[in-house]
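The next part holds the structures, each set out as structure tokens.
After this come two complexes, each holding subunit A, first together with subunit B and then together with subunit C.
Right, the complex of A and B next:
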């Protein structure tokens, strides 16, 4: 018996999934180190959800299509990279993708074949898309999963960096995830690379670049 | 048959509480073996890349062979529950400097309970020091009880901190059912030679394919103080499965220092 695609979605969204996510902060540590007030974190998350997380979600949707239709994924990676100008953020996503692929390749070996043409560190959304294709996760669920995972990672890191009421952190995740609901249908129905949203977050990207050079950090990015 | 299988580097973990000399021990291993072995080092710092920088500045290896991974404030997790970042770093080092003989992985300085997953390292050293107190070895824990080697470090400081080194080693040996214990000081050449010989012994059995990674496992039996108990407390164990014991003399068991010394 195959596990239900819903169970796979839960598995992929679980912070305890051993794929290296615990060393990431979704840009929160870079932002706080750069002096962003903690009170701005909810707004930061909503902005991230609308920008970089939506770029990732669109990329994941296309990677899912590519895996289902056996289309090369290299152009999708290039389209994602063009929309992710910060090297530090691209590197973090590739670390996450590599860790996730390391795990997924063991559980669903066909996921690797769908990422042929990429190096051993595909960006996280491409790996998520390939897993979705092989485990029956639909495009809308994939969009929500991609955004949720990024937001949950941010808040888990926030609780270590600026400990506060954990319930407030949960509320922030739900707030940021629900803020993209009006866009889920559009993002989940794209079919070509030029339709991937091109929304960047220059300030956050600059913070991530600076963070990559600091010698005092808890998180990779 | 084994010679047809490309052997990857021996992955050797170094764990132990903060300040017991893990980085210094790694520098000592590198200094004594860098001429004959191809080495790489991964550090798991909690809040900086201080350990990696210390090792690079020690000049014991090319700086590129020493890499730091972030642990997301969870040094336990990074070496035990989710070892992804460390595995990726080890694979990168082994690829970039192929072939390597040994990759040393230093844990983030943590308390007495953190040990490496056998899925990450082939063998592990647990480091205590005399300055931490002569009674620490008696307190037990998975690393003290069942790491492949327990090092009692900084023995040169013993006169200044009032610790009886032979007694601390004897306590440690008791806590470990005779597994290897080494009293080490980087200024004591004989002890450094013993450490060097131990690493070479593990590497040899790793290459022969006879070394089996062991999990130090759950908390070792330890003492709970209890004023109402007639003995002032009781010994308690979490080791209920008992399936992962590290039996002396089992296949793959590396002769301990105490074995070789007779």
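Right, the complex of A and C next:
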């Protein structure tokens, strides 16, 4: 019997999922290393949710469509890459995508076929979208899942980098996730690559680039 | 208001350059058979609330257009009325566009919607300079939404929306800084600069985010990348056209 799509959503959002999310800080470590005050983290996360995470969410929605309608995903990957100018951020997403695809390939082998034309390390939102298509996760849940996972990674990393009150971390995740609620319906209903959100975060992109070159880091990005 | 238009086609002995004056006035500074250098000046007071400024650029195959702003632009307090800046460029096969824009200053209370679209044919290149300053001295700055979309025949190369509002700074976007200076090279891979972003498709972005424009080191990057765009473009350009349109034998 197929598990419920809600269970799959919970599974994909679970930090214990063996797909490599624990190695990512969603831009938090790069920001702190660049000198951003810890007090700015909540606002940083809201900005990240509006920019990078929403680009990913829109990409995931389209990848889900592509898998359902059996259309090629290569143009979606290209649209995502055009919206992700930092190689460090692209590489981090591909690391996550590889881990997730390795797992998905075991549990839902048909996910691989939906990503035909991409290499072994597709960007994370493309893999998430393909999994969503094959497990019955709807587009709105996929948008929330994509953003939530990024925020949860950020706060888990924050607690390792700047130990503080874990309840405050939870509040930050909820605050950042709820800040994109007004946009969830629009992002989940896009149907073509030019509609994928493209909001950029220039400082965060620069920080990630610098972070990729430093040896003083715990996280990959 | 009339669209400002700049079009360059290879010609003999000099390139054919069509200039149409709109809100901005283009002026021919120099040309050869395949290159043109055009300066852009404001034809009136810009940028007031409700202004619509449109610029169309067409660079013919194997031509190089060097376009430079003569004065920067200030978007003034707009009382709720958005000003629109629309820039559309097409770069023909083997052509090169060098667009050196001076700073756009978004004064407190200004609302600016800027759209830049550049389409490159196969082998086309572009190097553009874009500088945004939030606020005049001592101001927090107004609101800017900027949509940049650069594509080649196979698809998008750089798609970027920038939403800035001086009254609500966002950490990771511009934070408390007020200057975003950028040099964007597309269609070739320029030598990397410290901190520059290497795009997935051939191209790169160098940025300076800071308090003041004079702290930016991007003048040097601009010069270097523009030089790389044209030197490699020249080496692969087709032979000079003759009056009959028949290439000279080499």
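Some points to look at:
As a convention for this text, the second predicted complex is superposed on the first by the 221 of 221 C-alpha atoms of A that agree within 3 Å, B and C clash if a C-alpha of one lies under 4 Å from a C-alpha of the other, contacts with A are read in each partner's own complex, and residues count from 1 in each chain.
Note that in this section contacts are C-beta pairs under 8 Å (C-beta built on N, C-alpha and C of every residue); 3 or more make two chains touch, one makes a residue touch a chain.
Note that the structure is predicted; figures quoted are calculated from it, not measured.
In the superposition on chain A, A:18 contacts subunit B only, with no contact to subunit C. In the superposed model, A:27 lies in contact with subunit C only, and not with subunit B.
When the two structures are aligned on the shared chain, A:36 is found in touch with subunit C, with no touch to subunit B. By the touch criterion defined above, A:200 lies against subunit C but remains apart from subunit B after alignment on the C-alpha atoms of chain A. When subunit A is checked against subunit B and against subunit C, the one touching more of its residues turns out to be C.
Once the two complexes are laid over each other on the shared chain, residue contacts for A:188 go to neither subunit B nor subunit C. Once the two complexes are overlaid on the shared chain, A:141 sits clear of subunit B and of subunit C alike. Judged by the touch definition given at the top, the superposed model places A:59 against neither subunit B nor subunit C. When the two complexes are overlaid on their common chain A, residue A:9 makes contact with neither subunit B nor subunit C. Contacts of A:157 after superposition: subunit B is touched, whereas subunit C is not reached.
Applying the stated touch rule to the two superposed structures, the subunit B and subunit C interfaces on subunit A have no residue in common. Residues of subunit A touching subunit B in their complex: 16, 18-25, 95, 98-99, 102-103, 157, 160, 215-220. Against subunit C, in their complex, subunit A makes its touches with residues 27, 31, 36, 40-41, 43-44, 46-48, 50-51, 75, 78-79, 81-87, 90, 193-194, 196-207, 209-210. Against subunit A, in their complex, subunit C makes its touches with residues 147, 154-163, 170-175, 177, 180, 195, 197-201, 205, 207, 209. Those residues of subunit B lying in contact with subunit A across their complex are 46-50, 53, 69-74, 77-78, 81-85, 87-88.
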